[in-house]
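Everything below concerns the one structure shown next.
Each chain carries a letter (A, B and C) given by its place in the written order, and its residues are counted from 1.
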C-alpha cells in the first residue's frame, strides 16, 4: 500500500476501492463503545467487510497484528478498554496495520481528551470526527490551535490539514464531509456531497463511518480509502432515505443500501469535489 | 423550573411539554446498560432530544453539571460504572440537574439493591420502574414496606406515593402506567392508558422510557414531565403497532412514530386520568 | 429433565419443545458481549422466552441458581465479566441449571481460550460454536486434537463427539448445522438443513442461537433442546428471507418470524436428518 494517493480521490477511485473491498472482505478490529458495537458491525458486514470487537488488553495487541484495519473509538471508554486502545494502536503502528482514531467527545470531555493525546503518538492512519472533534484533536498535537468550537465541518479544514503531520488522512463529517490527505507530497482537500438528513438522526452512524473507514484503509491508501468510505455512506444514505418512513426504518434500510450499492453506483452517484483553498 | 406541577398532568400539559422538548432539544446523559444503550439513544433522537452515554467515573460528574437531564439505569452495572453512577447522581443533585433513577432488577438482585439505596440519598428527580421495582425501592427508603411482589403497576401506587419523600415524581410502568407526583403541595396519582402489547416484547423499551423521562424533566416539572414521557410513549406505540408485523418490525416503527407524533397528536390521543384513592 | 434424549431429535421433538417453550416462557441469564446483548434479548423475547443480562460477579452466581438456563458467551470479555462467567458456570453446574458455552473466538485468541478451558471444568450442558471454535474447544479438553482449522461445520463433528465427554450436547453451526448428543447412552449426530444466507450477514445471530439454546435446555434434554433451537432458527430464517430486501431489513423480519413460527410450522418445515458416520 502506498501511503499517499496517486490522484485526487474521486468517484472513480472510490468505485475501485469498493471493488477491492468486496473482493478481499477485510477484517476490521473494532474497539468501540456500547452504543455502536452492534450497528457498526452490521454496517461492516453489509458493506462487504467483517468485524471483530476485540477490546480487551489481553488480546488487543495480538489481534491488531493480524487484522486488516483497526478502529479505536473513544465513545464509552473504561479503564480496561483504554489499556486495550493503547495496545492496539501501538501494535497497529509498529506492524503497519492501518488504524483509525474516532475521537468521540474529545475536546468537550477531559479524560478522553488525554487518552486521545496519548493515542496520537501512535500516528493514526486516519482520523474521523465531527468538526469540533477534529479541531480539538488538532489542538492536542502541539500545533497550538486549541479547542475551537467548529460548528461546521468546513471550519475544521485547517485543523484537519494540520493533523496531516501525524495522520495519513483526516475527515470532518457533517452535512457535507471534508476529507484531507496527500496526493504525492501535496496536501489536498475534497468534499463529499450528498447523504441524507436522516443519517445523523440514527445513533452510531458516525461511529460506523469510522469503522468502514478502517475497512477501506485495508484496500487503499489513507486518502483514497477515507474518501471512498464517505462516498459509500453518502450514496447508500440517499438510497435508504427513499425506502424509509422515519429514522427507525431508515436504520435497516441503510444497511440494505450499503449492501446493494455497487461500484458502478459510486461511479454514477458519488459527488466528490476538490476544494482549492 | 418549579418543582411541583401547577395543575394535574393531562393530555394538554403533555402536548405543551412535547412542544418545549422539540424546541429545546435537551441533551440527556445516560448511564445505562449494554442491552439498551443503542435503542435508548435512538429513542431520544427520534423523540426530539439528544443523548450522550458518559458512564465512566472520570467524566460522569463533569457531564452531569452540563447535561439537561441524567439517567442512571442499573441494568448491567460494573464496579467501574457504579462509581460513575455515584458521581453523576451526586453532581446532578448538587447542581440541580434533573435525574432519573431506573432501578432495573432492584429487589430481586442483592448488589444493585444496595447501589439503589446509596443513590436514593442523592434524591432522584424521578424514579421509573415496573411495579415490583418501585415497591422494592420504597422498601429501601426506610418506609418499612419491604420488597413486595407487586405484579400490577396499580399495586405499586402506595409505594410510589411513599417515595415522594425522596423523589419529585415516580412511575410504575405496565399495561397501564401509574404516575405520582405533587400538584402544589398535594400528592396526586394519574394513570396513562393506551400503548401496545408489542412494547414489552421489545427489549430496552422500558429503559428508553426512563431516558425519555430524563429528557422531559429538562423542560417540565417532575410530575408533568414524567407523565408527558409516558403519554408520548403510549401514543407512539399505538401508531407503531399499526405499522408492524411483529415485535421485530415494531422496534423501528416505534422510532418512526416517536418522531412523527406531534403535540396535537398528544392533545387528541393521550389518555390520562386522575386516580382518586 | 432426563440428561439424554429418548429418541433421535426430529421435527416432531422440536415442535414439542417449542410448545413447552411457549407454555413455560423460560428465563435465561445471559452473560454476553456488547455486540449481541440487545439483539439476543430480542431474539429470546420474540421466540417465547425472556432474558436477563446479569453479568457482574456480585450477582451472577445468585441468579444462576434461579434462572431457567444460562448462556456464557466469550465475545467481548472483561476481567470483571470473566469473574462472573466463572461464578455463573460453577453455580449452574452445582445447582443443575442448564448452561450453554458459546466459545466465540476460542482457538484464535489466547486469553479467552484459557477462559474456555477453565469453564469446561464446570461441564456445560451444551456448547455451540462454529466449526473452528468447536474444534478448538475439543483441543482444550485433553483429547489431544489441538486447534484444527475446521472450515466446514461437518469437519468439526469428530471434535463435537469428543466433547460429549464434558458436555451434554454440542453443535457446530454453519450453512448446515451439525448437532451431536446422546440418545440413551449412544452418541448420535444430526444435521439441521435450511436457513438463509442472510443469517450470517447479520451480527449477533450466532450468539442469539446460543441464547435460544439455553432457553430450550430449560424445557428439554440437551440434545433435543439444542436441535430444536437450531430448527426454530432455520425455519424462521427462511420465512424472514421472504420478507427482507437485504441484511438490514432481514434483522427485524427474523424477529417477527421467530415469534410467528408455530410448533406445526416446525413439524412441517424443519429438516433434520440423522447422520450415520
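We adopt the following convention: a residue touches a chain if its C-beta (ideal position, glycine included) is under 8 Å from a C-beta of that chain, and two chains touch if they have at least 3 such contacts.
Just so you know, these numbers come straight off a predicted model, no measurement behind them.
Colleague: Any chance you could name the chains that touch chain A and chain B both?
Modeller: Per touch definition, common to chain A and chain B: C.
Colleague: When chain B meets its copy chain C, do both sides use mostly the same residue numbers (more than half shared) or mostly different ones?
Modeller: different
Colleague: Using CA atoms for the superposition, what rotation angle relates chain A to chain C, in steps of 5 degrees?
Modeller: Resulting rotation angle: about 120 degrees.
Colleague: When the centre of a chain is set as the mean of its C-alpha atoms, what distance in Å lies between chain B and chain C?
Modeller: Computed from C-alpha means, the inter-chain centre distance equals 35 Å.
Colleague: Residues of chain C that contact two or more other chains, please.
Modeller: In chain C, 34, 38, 78, 80, 251-252 touch at least two other chains.
Colleague: Touching residues of chain A toward chain B in the complex: what are they?
Modeller: 33-36, 38-39, 75-80, 105, 109-112, 201-204, 245-249, 251-252
Colleague: Considering the complex alone, what residue numbers of chain C touch chain B?
Modeller: Chain C reaches chain B through residues 34, 37-38, 41-42, 45-46, 51-56, 58-59, 62-63, 78, 80, 243, 251-260.
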